[in-house]
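So that you can tell them apart, the chains are marked A, B, C and D in the order they are listed, and the count of residues begins at 1 in each.
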Amino acid sequence: MTGPRLVLREKRPQGSRVELAPGVVLGGRAFVVMAGPCAVESAAQIQEAAKAVAEAGCAVLRGGAFKPRTSPYAFQGLGAAGARLLGDAARRHGLLAISEVLDAADLPALEGIAVLQVGARNMHNSALLKTLSQLRRPVLLKRGLSATVEEWLLAAEYLLAGGNEQVILCERGIRTFEPATRNTLDLSAVAIAKQRTHLPVVVDPSHASGLRELIVPLSLAAAAVGADGLLVDVHPHPAEALCDGDQALPPEGLRDLMQRLPGVLAAVDRELWRAPLRRKAV
Amino acid sequence: MTGPRLVLREKRPQGSRVELAPGVVLGGRAFVVMAGPCAVESAAQIQEAAKAVAEAGCAVLRGGAFKPRTSPYAFQGLGAAGARLLGDAARRHGLLAISEVLDAADLPALEGIAVLQVGARNMHNSALLKTLSQLRRPVLLKRGLSATVEEWLLAAEYLLAGGNEQVILCERGIRTFEPATRNTLDLSAVAIAKQRTHLPVVVDPSHASGLRELIVPLSLAAAAVGADGLLVDVHPHPAEALCDGDQALPPEGLRDLMQRLPGVLAAVDRELWRAPLRRKAV
Amino acid sequence: MTGPRLVLREKRPQGSRVELAPGVVLGGRAFVVMAGPCAVESAAQIQEAAKAVAEAGCAVLRGGAFKPRTSPYAFQGLGAAGARLLGDAARRHGLLAISEVLDAADLPALEGIAVLQVGARNMHNSALLKTLSQLRRPVLLKRGLSATVEEWLLAAEYLLAGGNEQVILCERGIRTFEPATRNTLDLSAVAIAKQRTHLPVVVDPSHASGLRELIVPLSLAAAAVGADGLLVDVHPHPAEALCDGDQALPPEGLRDLMQRLPGVLAAVDRELWRAPLRRKAV
Amino acid sequence: MTGPRLVLREKRPQGSRVELAPGVVLGGRAFVVMAGPCAVESAAQIQEAAKAVAEAGCAVLRGGAFKPRTSPYAFQGLGAAGARLLGDAARRHGLLAISEVLDAADLPALEGIAVLQVGARNMHNSALLKTLSQLRRPVLLKRGLSATVEEWLLAAEYLLAGGNEQVILCERGIRTFEPATRNTLDLSAVAIAKQRTHLPVVVDPSHASGLRELIVPLSLAAAAVGADGLLVDVHPHPAEALCDGDQALPPEGLRDLMQRLPGVLAAVDRELWRAPLRRKAV
């Protein structure tokens, strides 16, 4: 009686499609890669990142402006200024932007951002979910650090129950006893979410593993298991990153990833979304 | 460099004392039991609960008005009306009230509540922590479902860094593989938190175990390990509870608990806070 | 000083190859699928299973004779008789056999079995590992239910330190809080094990998920992430299985899996081992 | 149908009593402390340890002879020689001995040891459990690193089903995401095991926490929650220990613990077993 309803696959057997812009659809046949730095650090940094992301053929630029940091003494993000820089960089390079929202009060500053992200630490923040459910903008909902699949779907249900149907799920690793990776990527959860719900599901291999050298193999695995896209940390100069540099690909790493994805995607009857495709579509 | 600072034991070797009212101190020699229903359901229910809590000799009445539920279809609490009923019931029975805050927007409705509670699901909600850090009211901070002790202390650090020093930590069980209990109560974390920080630490045996028959043994263990108090679910009629009835003590269970605590507390050189003591103090 | 040594990648940068029979190599370019029932139940059942496994083009027949059951009242396997039935069925269908060893005392009964399996529950059983290290037969070492990657590699190190170099690692899911799957398949661990060691690594998607409908997507993901093979539950009549029927593919499911693997494998520059290839090699 | 049977409380509502020697009973009113070094290192070390354990008034001397080490390069124990030294030291100081058995082949060497211990890493080793079920000697069964309470009881059921009724359960911490302690002590599991079974339950605070400064508070909590005894690491010179020195109490720490336990035990209507009591009984 209190289980998920509106998100269930049976409500929309063909799957729902979240259109970020004409021709950029999550949940369709195309696999969408969203890439960019963990945090917007400066105009130069985000412009350089945007250039790399666009050149690699991706559709969406990620970048954190409001950062949910474990410590009050860690870099908290550039806030509204960061959101502005992100939006500018995205527009200049023909990209869409995605950024995290921590609080309803941040929404005005995130006006120019195509996709709002709810981070793992806020998946259970029902007050925030209720506010976002009133919007008609795409929301990417990360799975909580220790949220069961059922709880993740119920968090999505908060969004749909309030009327916002543009919901993308994102698996980003769960907390386990294993110290070799920052979190444990749970690709079974992706397969289950795809079977139980009609929502698109993407994977964040950067936060899941915390290890640059795992991003490519985990991304290929995500494509094989049936995910609809990726959210990947890419930084123009990972060694200088203010946040999570160890898990960011450099621009050449992103290019390599974009070259290796199409083979696996073809094997599961999908294709990689690439910029030229979008230009055609637009 | 981004680790805890202000919460560390060395900043206040004698431990900090959070005075809820004259004579009701968390972190002193007295062990403080906070009890009441998971959710305020009606005026009659909370009055009956308050009567039982006062008669058992407790100082503080708990009751949820704004409820962070996993499902949007579960009872979400009575909101502002619930907070009013809780405050009324507490005052009528000479008790202090504690209730959860989910959102800065709820603060006006929680004016009459002595202690604001941050729930496990919001421990990582830095936006909420920053808001509460600006208040000068006691905040009880529950450990997140899968928060490490370090992260828990850093969440407390957000409160102290903003200037609010009236912080009480609350261990309420962590998420593990074990299905026999709702969560796994981590009493080692209580001992560590007492050693590393100067903050008072209480234990919630109800949410930790989800099992009524474990509340008394776990409460005694909490007292023995060095906790400064308890937060216990008590419902006048557990079988009819709208929320978490299985983990609530009935009034006679609370009386029994209050009779069994003093022996263990004496063995660790503490004493149980009881109403007569407060009357004297006031 | 007590970390892994002989298993490290740097000891054999090109990777080690475990030859089960002429032309059937784990750790080479070919991806090897081992399939069969969780438990040998009868001559008819294992013969039927062997036929299906051979017809699907697999090289290796799995089947449990000595079963490590959680309950003493659960079916404990047919023991020595089961091992004989397994060996017979394998030989009759041109397959190699793999079966679990629980105890040094079982070794004589497992003479005709090509690969000895150490189950997850015995990964930390150093007495058993020391015994197997004295053999010169391939050992498949499953990761323990809650073993870190480091501990898994150290268990393998016991085998190599004793002189047995024919070691295959097997990831079969770890224990987490998530109830949607029996265990949580940790494909990051596969990628890490491939990078840190020279040992071949296979994946058991059946025990990892406990769900038949997840076997195909997880197998494709395992192939994409870089695994060297699979260990899959296949039962001629899953609904009648004495053990773990819910996680077994029926014969047609295995055929489907074998048809879907080559595409993903080609994308990561691998190929599927198939019977005709073996006939040529032999 | 495959759940626990013989271990259930209803089979023996008054609880079972495991008599280690006349007057030394686990599961009775007395709380029994077993103490000693993680590993027997030399005659001098174990004699010194035995002296400290006897002087503190304990009944049982622990000491590892066959050690289940994660790494093949770690100290593996003195084996049969260690078992002999342990037995000698125990006898000389009027103590009983407890030591771990890894393998049926070790049993002859463990003849003089009063209690055989099955370690956490072997809780799922059904071959070993079946062998021990044929003995008529007390067995202390540690909970596996990630064993559910149900699985732990089923492992005990293997012992009782084979006819060995002298079984003592031991909670020693489970594996979770928390890095502050070596494992997470699960005292709820102790309370549940006491309610569900008639078996005595003891707690190992040393392996659970890995931290010397937590041993006393966790031991008091174990006494308060209803445990029947403790298994504690004590080393004459912890800083020089070959194994787990960080979690061992020095002799004066054991004395302090023995002085603090009686108060808590009295509050839960138990008493501490102390040597003079035994002398009387014998």
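For the reader, a short list of remarks on this structure follows.
In this section, a residue touches a chain if its C-beta (ideal position, glycine included) is under 8 Å from a C-beta of that chain, and two chains touch if they have at least 3 such contacts.
Nothing here was measured: the structure is a model prediction, and the numbers come from that model.
Chains that count as touching both chain C and chain D, per the definition above, are A, B. In this structure, the chain pairs A-D and A-C differ in their number of contacting C-beta pairs, and the larger number is found at A-C. When every chain is reduced to the mean of its CA atoms, the largest separation from chain A belongs to D. Comparing the contact residues of chain A and chain B by number shows a mostly shared set, over half of all numbers used being common to the two copies.
Here the spacing of chain A and chain C, counted between their Cα centres, is 35 Å. Here the spacing of chain A and chain D, counted between their Cα centres, is 49 Å.
Touching of two or more other chains is recorded for residues 146, 175-177, 179 of chain C. Across the complex, chain D is touched by residues 146, 148-150, 174, 176-181, 184-189, 191-192, 195, 208-209, 211, 213-214, 217-218, 220-226, 260, 263-264, 266-268 of chain B. Listed in rising order, the residues of chain B touching chain C in the complex are 146, 175-177, 179. Chain D contributes residues 1-5, 68-74, 102-103, 105-106, 121-122, 124-127, 144-146, 151, 154, 157-158, 161-162, 175 to its touches with chain C in the complex.
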